[in-house]
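Taking it in order: structure first as structure tokens, then the write-up.
When the chains are written out, they are named A, B, C and D in that same order, and each has its own residue count from 1.
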Amino acid sequence: MYIYHVPELSLKGAMVVLNAAIAKAEEMGVPQCIVIVDRSGNLLAFARMDGARFLSQYSATQKAVTAASLKESTGDMPYSLGMGLAAATGGRFANLEGGMPIIINGAVVGGIGVGSGNGEEDIIVAKAGIAALESAMAQTLPLP
Amino acid sequence: MYIYHVPELSLKGAMVVLNAAIAKAEEMGVPQCIVIVDRSGNLLAFARMDGARFLSQYSATQKAVTAASLKESTGDMPYSLGMGLAAATGGRFANLEGGMPIIINGAVVGGIGVGSGNGEEDIIVAKAGIAALESAMAQTLPLP
Amino acid sequence: MYIYHVPELSLKGAMVVLNAAIAKAEEMGVPQCIVIVDRSGNLLAFARMDGARFLSQYSATQKAVTAASLKESTGDMPYSLGMGLAAATGGRFANLEGGMPIIINGAVVGGIGVGSGNGEEDIIVAKAGIAALESAMAQTLPLP
Amino acid sequence: MYIYHVPELSLKGAMVVLNAAIAKAEEMGVPQCIVIVDRSGNLLAFARMDGARFLSQYSATQKAVTAASLKESTGDMPYSLGMGLAAATGGRFANLEGGMPIIINGAVVGGIGVGSGNGEEDIIVAKAGIAALESAMAQTLPLP
């Protein structure tokens, strides 16, 4: 098998995640930087809400990239391993809470990274984004 | 005068620009990377359309940053000066077509950068984004 | 609301902060690097006093940038989170004492970063700079 | 001779250059980024005037560094050599007009870099800064 097919997150899908994450952060009253990357770590969609910390544009991006690469949520690694990976990847690997893989039908199609709140707030926003995509997809599935 | 007041582009405003630019690029059948930065060069909103060249995420960003800094459209500089500025700014300055300042009531509030098409296509998309914001703002002005 | 208005620190205001910080550091006999950035993290004013450690030009800058982004004083974060953010922001985030936001009428208009002394000395100098701006502005307020 | 003595520009001297350069740029109505470095290329003093292009904080710095290293004004090199040096120095070498060495009694004690205007404007401002230091020093020399 020389090639294989993979599900790829479209911009339309990424915007569902982004807009739902923005809505959740607004509801919480916590301005956030929200980043969606594809399964290869390339940027798909981004928004910095009014009042969000500007340095979070960088850290939220690396959370999204890291989640897509790990295929797991970010921030759970032992500190020394996380810093070693950060150093060895030129700062691309972020061992910080707020990154989650976007998984559709068992396949990782991208990552979301959220930053500017505390870790707990970041995670809630990331989950809300992913849940919206899952919900939107469930509605488009054919009936059995 | 120790402080002065300036207009700042909100995420809502940036999304008007972004969505109109996406719509124009869809209409043209040319997938694009579209970036909106604030007046200080920090990222506000981003979208990479399906099929757009992934390296354009970087060049479109620097077009937007450059337009916000220059307060002029990008790509008009003599080649040698443009390359000299690119080198001296760590690659932040982009002397490439497709960046335009976002100007509201005479004040630069940000920049848009578009990349993945040819220069002419990039400019059309950038202009469509800005025109949408101008139009939206005109509708919110108080009646005389 | 597509745009909103924010207070921006002028160079004149930044120089009030800078000069008062220099004066305090001279009085203490501790040469310092002193950096003022605007609310978006762009450099406004800088001075390296005779005898200050030259690497502090970099750390003091990132303290100022971090304070403007956080909207809080720097150096209070748990070590592992601070290092994670430093790595994920390309070294822009500095979890080191000596950075403070410049807040005028409740709005963050910039940041000051001081480095080359010990953390306590850096903080005293940063506070002196900010106090001078507050005092200068109080004198320009209209009488009640 | 294992060590030798060199004249070093003090912060006080750098501020004479900086303030005179600001005054000239104000007189011209051209907001500028103005950078003073010492003979070793380390930052001594910096100011970004209200309205100056924010990317010039980087290019003006490299003009000052380049002038201090070259011991000559910047921007006179053939283009290909200038770009080769920019590449080989990680962007530290800037072959752009607006950098001048600060020379006192025949010795280079630092560099000034000016950016945000056009090349001609940048040079006028740099010269005004240096002239002010020369004038200040002439007044402190003992009479013959």
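Methods note: a contact is a pair of C-beta atoms (placed from the backbone, for glycine too) under 8 Å apart; a residue touches a chain by one contact, two chains touch by 3 or more.
These numbers were taken from a predicted model, which means no experiment stands behind them.
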Taking the mean of the C-alpha atoms as each chain's centre, how many Å separate chain A from chain D? 45
If you average the Cα atoms of chain C and of chain D to get two centres, how far apart are those centres in Å? 24
CA centroid of chain A to CA centroid of chain C, Å: 32
Pull out every residue in chain B that's touching 2 or more other chains. 4, 10, 40-42
Once you've mapped the touching chain pairs, tell me: line, ring, star, complete or other? other
Which chains touch, pair by pair? A-B, A-C, B-C, B-D, C-D
Under the stated contact criterion, what part of chain C meets chain A in this complex? 4, 40-41, 65-66, 68-71, 80-81, 83-85, 87-93
Per the touch rule above, chain B residues touching chain A in the complex are 10-11, 14-15, 22, 42-50, 54, 57
Chain C partner, complex, touching residues on chain B are 1-10, 12-13, 16, 38-42, 104, 109, 133, 136-137, 140
Which chain A residues qualify as touching chain C in the complex? 50, 53-56, 58-59, 62-63, 79, 82-83, 86-87, 91, 93-96
